[in-house]
C-alpha cells in the first residue's frame, strides 16, 4: 500500500500541471496564429511594393489563388509570373505603397479567414494621394507549419485607374 | 518519517510549477486583453462602415456611452437607434470607410483605456480622399468576460463636413 | 531502493513541467517583445504629434540615433533638443499626425529590427491630405528591460515640403 502513495502523488502533481500547460499552449497558439497571419497580410504589401515578387508569391499556398482587378490566377508560380507581367520586374520608382489596416482574423485549426483594408498611396508633386482603396477577403491555410494565402480576393472601392496598372 | 518524503516532494514538484503557471497565465491574459481590445477598435469601424448597426451597438456595454460630432448618447439600444437615425439603415453605397490605426491600450484588471486614430476615407472620381480625421479616447470594461466600450469619445481634427452626415 | 522511487517520480513529474514552462515562457516572450516594440513605434508618433518631446526622446536608447529629413542626431538629450528646435515646443495647433502602419519586426535576443510605414496627415479646409509619406527602418535594443530605438531612419517617399517643417 505504502508504495502506491508516490504513484498517487505523482498523478496528483503531474496531471494538473500538464492540463494547465495544455491550456496555456492552446491560448498561446491562438495569439501566435493571429500574429503570424497579421505578418502575412503586412508582408503581402511589403513585397508587392518593393517588387520582390518571388517573396510575394511565396506568401501563397502551393495551389493558392489571387482574385482582383487584374483577373484570377491560381498556383504560386503562376501568381509570380502574373504579377511580374502586370507590375513589371523593375524597381518601384514611384514609391507608391499600400497602407494595410483593420485586420480581422478568425482561426479554426489549420485554416483561417481574414478581412482587412488597403489604401494605395501614391506620392505626387505635393504630398501623396490615395489613388485607390478597398478590401481584402482571405482564406488562409497552415501549410508545412506556415500560414499561407489559400485565396485572396482584393476588392476595389474606388474606380480603377484608366491608365497605368498599379495593382493591389 | 519515510512516508513524509513523498509529501515533501509533492509540494516541491507541484508548487513551483503552479506558481510558474500562474505567472504565465497572467502574462498571457495581458496579451489576450490587448488583442481582444484591438479587435473591438477594429470591429467598431467594420460594423459602422458596413452599416451593421446592431453588431456596432453590441460593442458597447449595456450602459455604454458614445460622444462625438452627432452629440452624446448612452445605452446600447439608444446607441443603435441614434446611429440608425444619423447613418441610415441602408447599405453604404459610397464605399467610404475608417482606417483605424495607432492603438495605445492600457489594461487594469477589468477596465481599460485606449487611444487611437481614425481617418475617414471617401472614394471619389479619381482615387479617394481623407474627408475627416481624428482621435478616439475610450474607456472599456470587461462585461460578462467580453471587452466593451464603456465610453467612446470621437474627436475630429478636421472641420466637420457641411452637408451629408458621414459619422465616425 | 524503495526510498528512491519518490525521487525518480519527482524528476519525472517536475522535469517535463519545467521544460514545458520554459518553452511556454520563450514563446510568450516572443509575443511580448513584438507587442512592446509595436507600442514603441506607435508612441513615437503619439508623442511627436502631441509635442511631448521629452516622452518622445525617452523612446530612444541613451545613445540612440535619429536619421531623417532634418539631419542626424545622436543621444537622447540631443534628440530632444533637436526636435524642440525643429518642431517647436508649443502645442500642435494644426492637428496633423502620423498614421503608423505595416509593422514588420524581427527580434533576436535583446536587439531587434523593425520596418514600418508612415503617412503624415494634415487637416485642411476640406478634409485632410497626406502631405508626406515614407518608411522607418529601425534597430532597437532592450535597455534595462525596456525596448528603445538604437537607431531610427525616417525615409521620405514624397518630396519634402518647401515651407514649414513638419517632421516625421
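For clarity, chains are labelled A, B and C in written order, and residue numbers in each chain start from 1.
What we mean here is this: a residue touches a chain if its C-beta (ideal position, glycine included) is under 8 Å from a C-beta of that chain, and two chains touch if they have at least 3 such contacts.
In this text, all values refer to a predicted model and were calculated from it rather than measured experimentally.
Asker: Roughly how far apart in rotation are chain B and chain C when fitted on CA atoms, stated in degrees to the nearest 5?
Answerer: My answer is 120 degrees for the C-alpha fit.
Asker: Is the contact between chain A and chain C built from the same residue numbers on each copy (over half shared) or from different ones (under half shared)?
Answerer: different
Asker: Averaging over Cα atoms per chain, report the distance between chain A and chain C in Å.
Answerer: Taking the average C-alpha coordinate of chain A and of chain C, the gap between them is 22 Å.
Asker: What parts of chain B, by residue number, touch at least two of the other chains?
Answerer: 6, 9, 13-14, 17, 21, 24, 28, 31, 99, 101, 129-130, in rising order.
Asker: Chain A touches which residues of chain B in the complex?
Answerer: So the residues of chain B touching chain A come out as 3, 6-7, 9-10, 13-14, 17-18, 21, 24-25, 28, 31-32, 35, 39, 42-43, 45-46, 95, 97-101, 121, 123-130.
Asker: Across the complex, what residues on chain C touch chain A?
Answerer: These residues of chain C touch chain A: 2, 5-6, 9, 12-14, 16-17, 20-21, 24, 27-28, 31, 34, 99, 101-104, 115, 117, 119, 122, 129-133, 157-159, 161.
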